[in-house]
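So, here's a batch of structures to check.
You will see two complexes here that share subunit A, one where it goes with subunit B and one where it goes with subunit C.
For the complex of A and B:
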């Protein structure tokens, strides 16, 4: 029995083998053999023919449903005031491999005691980037002695788990020249500059509002949600590197939708997976149906060079060997001038340049010429 | 300590498939099997976080065993380049 399976182990993909194993359980050897043989024949028939222009088929298969997607950039997610880019704009963003995406988001998974919901709200808020203006009730400038007085919101401070003295030390760090005193719940700041011109004081007042208190930079909003019996935190804004370092976070499952960030922290292979996941997410959300293999091909192409390249004239198109192929995409004159200055030679190995020169293209039945010498 | 912890975290991440370095012998049989040269393979940079601990040099081949939704398991190869 096991011998039968072993014979086909390298011939059939694992998922098909597993299915056959499951369904043929208890069958006789000869029958199993027959099933395997039949499955292998079917599998061979279904494979893409060599020379098939898979990229073109993929482009059509993703492009056509793309015409039916919403053009709306923003979509209200419902639960909290969190927007996410969906539809065509998101697809374009992913495939162009934009460095800064419109709505970076993270899914932060947590370790055991926190994933059951323990102190989840507090934890979420402590991750969120807080600035002084978030916990401020009142800020006044006394003109007489150019002092700035801060009054803080106790309730909000309790919510994000921060105490007065921490705020003071954060202020001290930022303004080394100023004297900072605490009196009851009011913090007084006196700037020791050369001049105490009012203009300066007001400038400092604006600076004080922006003082960083706690949290992780880049995380602008947090939302704890329950998913599959465990609590996770969804955040707007992304900072994978810092989040992974937190002790409460399950670093093996936490992900971001920022492809560049993933490539930097987790490598190209992870970036490839994120491209596939994100494109599939959009397609599914729109109720469309595109075969995964097309998306996988796109992701493979984008990650071919070891880093993420968008499908743009700066990305994968710029890596094409042929001048004419590059010129046929965008900005033809620039490419042709540069190529002639550098004395480039076009080997005419690919499709577009052969179309331009009215020659058979090396695709499908035009391909064998490359393998057998044509007389 | 914190740094070390972070490293192992990154390696076990769900998004990162298994990366292995091929030995010289495996490298040769692999290139012969698929009839390709090292230059034609997809690439991975030497500094890639996923292969940090493998101690690779330029010209090595990394075997990547991906979990694939369509095939169950898919093997992929990348040649190491320096940036």
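For the complex of A and C:
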């Protein structure tokens, strides 16, 4: 039995071998052998032939459905508060590897017991970035003694789980020179030090409104939802680093749709997976059918240098070896001048250069050469 | 409340009471003390009065309404009919006035007289006048979606017809004339207004809505060949050729006449055979590609070079006007005159009869255009019990998605009109009612819904389905395949790049573009791709030492490098001429493109 498996050990990938082992448990030797043989033949058939222009076929396979996407005008989805970029703009955003994306989003998975729905609303709201103005009912300036009085909304405070003293300490942190007093449910602020002109007081008033109270910076909206019998939190805005530090969060499954953030926090391999997932999400939402491997190839190309590069003239195109290929994309003059200054040599190894020279391109039938002995 | 007043955008003053001011302005205009070309608009929010009298504003006429009663009375209409009043009188009397966009903002316009209330300020003269000329030529247009009406009116602009009665003495470029044009049976008010009787642009033909062996799928149409033989949609294409005796510096002139054989660029005797002694072709001469219409020679281009080589007999250049590639015809009319500068001017008009053929474009007036897919002899066309065969078969698949109901109503209307011997009014919003048309069709002895039992022209079997058949006004459009068909195997190339020329007029190649190239690469058809791009392939001698292009001296049959001299290896390299060109351009920019030569394998 083991002999059979050993024979195919390096011929089939491990994951397939494991699956076969599991499925063929208890079968006779000859049958197992037959299964392995079939599996190997099937696997060999599925492999890409050498000389196949995978990149171009991938580009066409993603590009063709892309032209249909432009025609569909469903580029935004969701309710008014939570807009998500989808469709062609999102694809462009991903493939260009934009540093700041239009609608950053997170899917925050939770550990038990929070994932069963315990205090889910409070948890969500505590994650959300809150500023003073969110819990403010009234703010008045007394002109006589240049005092600012704040009145807070108790209900809203309860909702996001914050108490008066916390607000006061947050204010104290921000305005170290001011005296802050609490009287019943009114907070009084008086600026010490220099003589305050009215203008300054009003400036402070505006500043107070923006005082950070609690939550995670960058998370502008939260939405607890139930997915597959467990509660997760979907957020608009993204801050992976800080979210992962929370004790309630299941860091192994929590994701963001920001490629750069993922690359920074979890590394380039995770970024590659985010690219694949995000592109697939768009393609699936549009009801299109693109083979996974094309997307994977694109993601690999974007990430193989160890950092995320977009498919732009600054990204992976600038890494092309051939001067002529780069020049035939955008900004030809720049590339030619730089190449002439550095004395670059074009080895003519790729498609575009050879089309320009009218030489057979090194793919498919252009790949093999015929060698004969000349007497 | 004082409102600012602007005249043509410039501040001129203020009005204490804007409403009274405007009312006064309007009444003065209606009296005629202010020109009817002036308009006044009131912007309530900004509290400004906008007076406009400048040119270029779009204005439209409306009937003035006072207290819910239109100023235009039956009395006026009677006087108009008798010719005692005209349009300008009505404008002068303040019964009809022109509103611009600004004044329209303050007006409440009733669509019909019925809906008039006291608040209304104006009444539409006719609902039709919200459409332009072309759009109002679409019959029953209120039964079709707007985009289709729009397309229908666009198509009518391209229709062949009878554009001018003096066409025989005109020398217009690119003229098409339809033979035996007809005025439509189903017409709109606009047809009478613009004089369609004098300038018809289509023909009333029998249309059946059915499939014919799939030759009318995807907007194709099947046409009765026998109808075509009888002259259906036949047209003539006119195109003048022009030659001028231009004057050049040094007293040199062009000369119209049969060129001498010594002339530079002399074509061949055969090409000049149709010219008479004055160098101009005779009328009714049958001409085809390459034949010279007007013989002409021009003085040599560079005079100085002549002196140098002392060639006394100046070799003149051939500059005749010949029939261009792919064209043919008959000389229709020859005109000899002079231009503004007094130079001799010769024009020869070529005529070519265009009989409908597969690929010619036709349309009804409802944005239902199509090209001929098949010409079928009458013997094979379906026929009805009364012996009617359709001239044209239109595919039913063109109807549901486009929702052109007006197309189908016209078919019924045309049938009624043809049978009853009268015109049918299809004016938008007050056309004859569909129900009435159906009733009349029934009384004429046909099914009220326009369908008939048809018989297969080839087998004689009855079709299981009843076929919707009737009379429609069809237009032949100016896009004819004869002007568009193009193919090339070999042909002219561009001087600079040595690549094939572009466009049909220059007998150009059909481009295999970037994305088409990608498909070859995707299939791995590398060598086929190379072959397709071989059109500008060249062999270039390259110096192996300096990597620059060397020179081949065919007299001495040797190659040498202009930089490294004779004693270097020089290899011939195949490359596209475009690449050789870019290497030259690099050199002109002081970039050294050094070619490194090595064996590929």
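Here are some notes:
The rule is simple: the second predicted complex is superposed on the first by the 317 of 375 C-alpha atoms of A that agree within 3 Å, B and C clash if a C-alpha of one lies under 4 Å from a C-alpha of the other, contacts with A are read in each partner's own complex, and residues count from 1 in each chain.
Operating definition for what follows: a residue touches a chain if its C-beta (ideal position, glycine included) is under 8 Å from a C-beta of that chain, and two chains touch if they have at least 3 such contacts.
No experiment lies behind these values; they were computed from the predicted model shown.
Of the two partner chains placed by superposition, only subunit C is touched by A:336; subunit B is not. In the superposition on chain A, contact is made by A:306 with subunit B only, not with subunit C. When both complexes are overlaid on chain A, the residue A:57 reaches subunit C alone and has no touch with subunit B.
Contacts of A:265 after superposition on the shared chain: subunit B is touched, whereas subunit C is not. Once chain A of one complex is fitted onto chain A of the other, the partner contacts of A:44 are absent, as it touches neither subunit B nor subunit C. Within the superposed three-chain model, A:18 lies in touch with subunit B and out of touch with subunit C [touch as defined at top]. With both structures placed on the common chain, the touch criterion links A:172 to neither subunit B nor subunit C. When the shared chain is aligned, subunit C comes close enough to touch A:362, but subunit B does not. Touching subunit C in their complex are the following residues of subunit A: 51-53, 56-57, 59-60, 336-337, 340, 345, 351, 355-367, 369-371. Per the touch definition, subunit C reaches subunit A in the complex via residues 517-519, 521-530, 533-534, 536-537, 574-576, 578-579, 582, 586, 591-592, 596, 600-601. Only residues 13-18, 244-245, 251-253, 255, 262, 264-270, 273-274, 292-293, 296, 300, 303-307 of subunit A touch subunit B when the two sit together in their complex.
Those residues of subunit B lying in contact with subunit A across their complex are 2, 6, 9-10, 12-17, 19, 42-45, 48-51, 64, 66, 68-74, 78, 81.
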